[in-house]
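Each structure below is given as structure tokens.
After this come two complexes, each holding subunit A, first together with subunit B and then together with subunit C.
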Partner chain A sequence: MALLRYIGRRLLFVLPQLFGIVAVSFFLLKMIPGDPALLMLGPLASQEAIDEIRSVMGLDKSLIEQFIIYLERVLSGDLGTSWQTTKPVMEDLLKRFPATMELVTLSLLFALIIGIPIGILASLLKKSIINKFSTYYGLLAGSLPDFWLGLIFIFVFYTILGWAAAPMGRLDLGILPPTVVSGSYFIDSLIAGDWETFGNVVAHLTLPVLTLGLINAGPIIKMTQSTMDRLLESDHIRYARSCGLGEFQIVRRAFRNSLPSVLTIVSVLYSFLIGGAVLVEIVFSWGGAGQYALSGVLNADINPVMGFVVWSAILCLVLYLIVDLLYFAIDPRLRD
Partner chain B sequence: MKVLYLYCKDRPLIGFGYFFVFFLVILAIFADLICPWPPQTANPDDYLQAPSWRHLFGTDETGMDIFSRCIYSIRLDLSIAFLGTAVSAIVGTAIGALVGYYEARGRLKTVFSSFTMRALDVIQSFPVFVFAIALVAIFGQGLYSIIAAIAFVNMPIYVRLMRTQALSIRQMRYVEAAYLSGLSDVRLIIKHIVPNSMGPILSHLSVNVGWSVLLAAALSFAGAGVEAPTPEWGSMIAVGFKNIVTGQWWPSTFPGIVLGLTVFSFALIGASVEVLADPVRRRAAIAKY
Partner chain C sequence: MNTEISLSLNNLTVDYPGYKGSGTTAVKDVSFSISKGKVLGLVGESGAGKTSIARAITRQLVEPGEITGGEIFFEDKDIVTMSQKDLKSYLGSQISLIVPNPKSELDPLLTIGRQLGDVVRTHLKLSKSETKQAVLDVLEAVQIPDHNSRFSAYPHELSGGMAQRVIIAMSLICNPKFVISDDATSGLDVTVQREIMKLMQKIIKEKNLSVLFITRDIGLAAHFCDHLGLLFRGQIVELAPINEFFKNPIHPYSLALLSAFSHSAKWRKVYSTDPEKWSKEFFKDGNVPNSLIEVDEGHLVRMEK
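Our next item is the complex of A and B:
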């Protein structure tokens, strides 16, 4: 019951935020200099033709009416057409977002797998080398451009050593993508039980996941370490210690209590990476949503850009919603 | 200065951060004297040369000297980052001070405050990088668009930092005293609230400059920032991108190293400012001298 009320209250916040996102994207669109009708028809168009297009596009209506039309369109999933692919933006995005999400999710999982143990160890062994290492790792990882690190990895592991798959997309050219279920090749090839494809997918994922994972492990280490530092000094851990609990039990308890902060930093990184992975996507020709939006920016194809901006903001909202539900699962205090 | 020296004595890496930024500024000022080759002149006879004494960092596919280009990039990248950060800090601090000072003070003022904060929530729910790219797309490519985009995406942090500070400082006795002695709201904010809440903002500034360098380079790498012949680290990495698969590593590697070291140095400085701006922690850090 408490859960339902919690979700209900949380959903109440989502609606105004959603409205805000659509409003901001609308005003961004309106800020583009120049008359869209004129841009469409070119400078030689006659006044009648311009007027006609303006009334078809609804540009002769008031700003508020235009906003309502825009709102209706976005809510019905119509984000316009991309002139580059000549397809509806919605269709393009549905194909490309799974690629981005797959990359980002696996990278963050990898970052967690290396980040949490190092963070915990650095917090437990104050004077050890691992403590120093983790301090500077955080600063360094935050300073390196991920796209550059990706290039260096390509040079070392593909050009010189020849271990990695060619940095050209998500699959080798000769291999057909698995039947679409989720859109993520990683999951779909597992569902299909096609091990050859799966192996190829993993080979292509390795380098980009390594790049993004190593960079994003920095903040995770830092957060784990500082939270564990605080918790190991806290009253309830001191109590547990004076009760004579073993070191393993104590770490387990402290770690469980540090989960909310780790979750917070993961959600921040996740929302950043939905758009921020675009450079790594370019480096590995990943064909994700960010890359699609970027080519829209560079070719004055505005619909894909706005579609991507709106949808990634919506995905972030969903993400924060899920994270709040996870807080609910982790932190028993929220259940009262 | 003395405090800084004592602090860095035990922490050579932080000392390195300060040294490196100082070194960069010197290089940027005297770039004309230091650089052996003009940064934008292509020399077709020397294309894709490996690093040698003639070309310290090698040359790119058009034959431009990478060492010279790396040094000239400092001017552009640091100016963009400093300007972008300065604009976002000034605007953000001003808004934050107003919001914090007026929060829960009369109906209209409260509406203004909560409206601003909700607007920030919405802005921050857009992915930072995409938002920056969209801004550049809208304003058109160019230097001012990049600076505006950087300033815009960084602003919410300053508003939040300043608001928290203003909320607590406005409760202080001396602010109340100043208010009773008849100071106007604006003067009160400028004279008392802002100067007394600079600590966290200063320590964020340095980190933010580094981060802005990274963002500017990332925008240029993506093709939405500074364009190719102009020397800029991000676009240089993008130019060398094609060559790395065929084994010419130098056009991308060197600008990346310089860029990484720059951002790293600003992060180190930021970490030390955080301690040095706080009198208690500062004293503890240099206690043994």
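Our next item is the complex of A and C:
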């Protein structure tokens, strides 16, 4: 019951937070020079035509008026239209966000699967090769740009070896996407039980997930290792040792205590990658939300950008709520 | 006589090597033995090496500390040279440790029932229900009120005194033969301290435990121990049966400590004969002679021959 009240209170704060995010990003975007009307009509358009489209788009009104009109539309669920795709932004994003979420989620899962064991082992075996490996891995993952690694992977595994699927989106051209349930092809093809499509989806996911996963495993390894280092030296672990508990128990207790830190770094990476995976999305022609927002920024197409901001803000707020609930599940001290 | 000895230290030396240059010798040539069912009090100021001795006995020295010399015999096994596996089977079951600051020594994420149960199951291989019963029994034995509900309490929900009782329960749950109490009551206020001490006294008597009782409070040791060793800069300066120690203290450090703890002018006069004479040279370079001399039966004092 107390938990429900807590969730309710948190959700109450979501609205003012969203308002702030929308306001700040709206005015910042309006400060970027560039006239959409000019871009839409091209350099040869007449002044009357430009003026007309400006008044149709409401660009001749004051900034405050434009903002209020935008807010009213957002509240009614209308994120405007993108003049590039000529489709409602909401429709575009409903297609593109699942693509990004699918990529980011699987990449982080992969990063966790390799990062946590390496971090634990590096902390346990101080003088081993795995400890050195983790040191250099952190350095390498921190200094390599992810899009570059993606390009190398494409060059090696697609161009030379021919093992990987073409880096041209989420599915081969001849294959129809599965019926939309969640929007993630990975999940939807599983639900449909369509193994051929599923195989193709996995083939297309492999390289980008590998790219993002390997890069983001770096901070996860570092965080796991340093927290485990600290915990293995802590009072209660030393005490557990002096009670004669087995090594497996000791490691399990230390790991359990280091979970909050790992969770923190994962949530930070997750919220960063929702927009930050854009370069990898471009390299693999993923058609994700970051790519969509970027082309909006480059073409003074404000609606897709604002739509992206609103959506990713909501996703981040939900993500942080989930993370806080997970903290509660892990640490009894926070529950009161 | 020898068969009754539970634990003995022979010339134990513990070093903390420095990262460069000379390190610190925290414990230097310490020898004593504790008979079965007896309590040896080890008293010393901070940095005297008390905790290093406790950690050396359990081989849990903090890095980079290491045992560089001597033997620690528990019954007839040398703990220093024992394999990790053997050591683990002794710790918690035969030899157990009562620690200070109980709240940071318990895992904050697990219930105390679970933590006690883990120790039992590691050493005694009991079934789930037998484990739970053993835990409830020991919680009752350390007089934790309402022990059925405390079973599923987390450490942060306990008061300092309760947490200390849990630590005591943890040390008793496998029926050990030897218990080390390292400054166990230092974090508690005096009334709680008294309750805990009474409890420990009762349990030691009932179970005929041998105890190494480490403390900073010589007054506490006076009420509690059969023998008393005084530790100064890693060395034992005086070791005697408890009555002998208080009746006939010889070493200047013993006298200084006793006079510092004396609450009346009369007692201070008894103990501090002439502090001016020795204190300066003694405390300046800590020049402690190498020889422990037996001045009376079981009464050893470190002094020049």
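Here is the rule we use: the second predicted complex is superposed on the first by the 291 of 336 C-alpha atoms of A that agree within 3 Å, B and C clash if a C-alpha of one lies under 4 Å from a C-alpha of the other, contacts with A are read in each partner's own complex, and residues count from 1 in each chain.
The working rule: a residue touches a chain if its C-beta (ideal position, glycine included) is under 8 Å from a C-beta of that chain, and two chains touch if they have at least 3 such contacts.
The shown structure was predicted, so the numbers you read here are calculated from the model rather than taken from an experiment.
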Worksheet item: Will subunit C clash with subunit B on subunit A after the two structures are superposed, or do they fit?
Response: fit
Item to complete: Have a look and say if subunit B or subunit C is in touch with more residues of subunit A.
Response: B
Practice prompt. Quick one: classify A:I175 as touching subunit B (first), subunit C (second), both or neither.
Written response: neither
Item to complete: For A:A313, decide between first (touching subunit B), second (touching subunit C), both and neither.
Response: first
Practice prompt. Using the touch definition from the top, say if A:L94 reaches subunit B (first), subunit C (second), both or neither.
Written response: neither
Worksheet item: Counting only touches as set out at the top, which of subunit B and subunit C does A:R253 meet: first, second, both, neither?
Response: second
Item to complete: Could you say whether A:Y158 touches subunit B, subunit C, both of them, or neither, answering first, second, both or neither?
Response: first
Item to complete: Examine A:L334 and indicate which partner it touches, taking first as subunit B and second as subunit C; both and neither are also allowed.
Response: neither
Worksheet item: Mind checking the angle subunit B, subunit A, subunit C on Cα centres after superposing, to the nearest 10 degrees?
Response: 80
Worksheet, complete the sentence: For subunit B against subunit C after superposition, the smallest C-alpha distance in Å amounts to 5
Worksheet item: Which positions of subunit A sit in both the subunit B and the subunit C interface?
Response: none
Response to the item:
subunit A residues touching subunit B in their complex are 16-17, 20-21, 23-24, 28, 31-33, 136, 139-140, 142-145, 147-149, 151-152, 154-155, 158-160, 167, 271-272, 274-276, 278-279, 282-283, 290, 293-294, 296-298, 302, 305-306, 308-309, 312-313, 316-317, 320
Worksheet item: In the complex of these two chains, what residues of subunit B are touching subunit A?
Response: 13, 118-119, 121-123, 125-131, 133-138, 140, 210, 214, 217-218, 221-224, 234, 237, 240-241, 244-247, 249, 252-253, 256, 259-261, 263-264, 267-268, 271
Worksheet item: How about subunit A: which of its residues touch subunit C in the complex?
Response: 233-246, 249, 253, 256-257, 330-333
Worksheet item: Inside the complex, what are the residues of subunit C that reach subunit A?
Response: 58, 60, 62-63, 87-93, 96-97, 99, 101, 104-110, 118-119, 122-123, 154, 156, 170
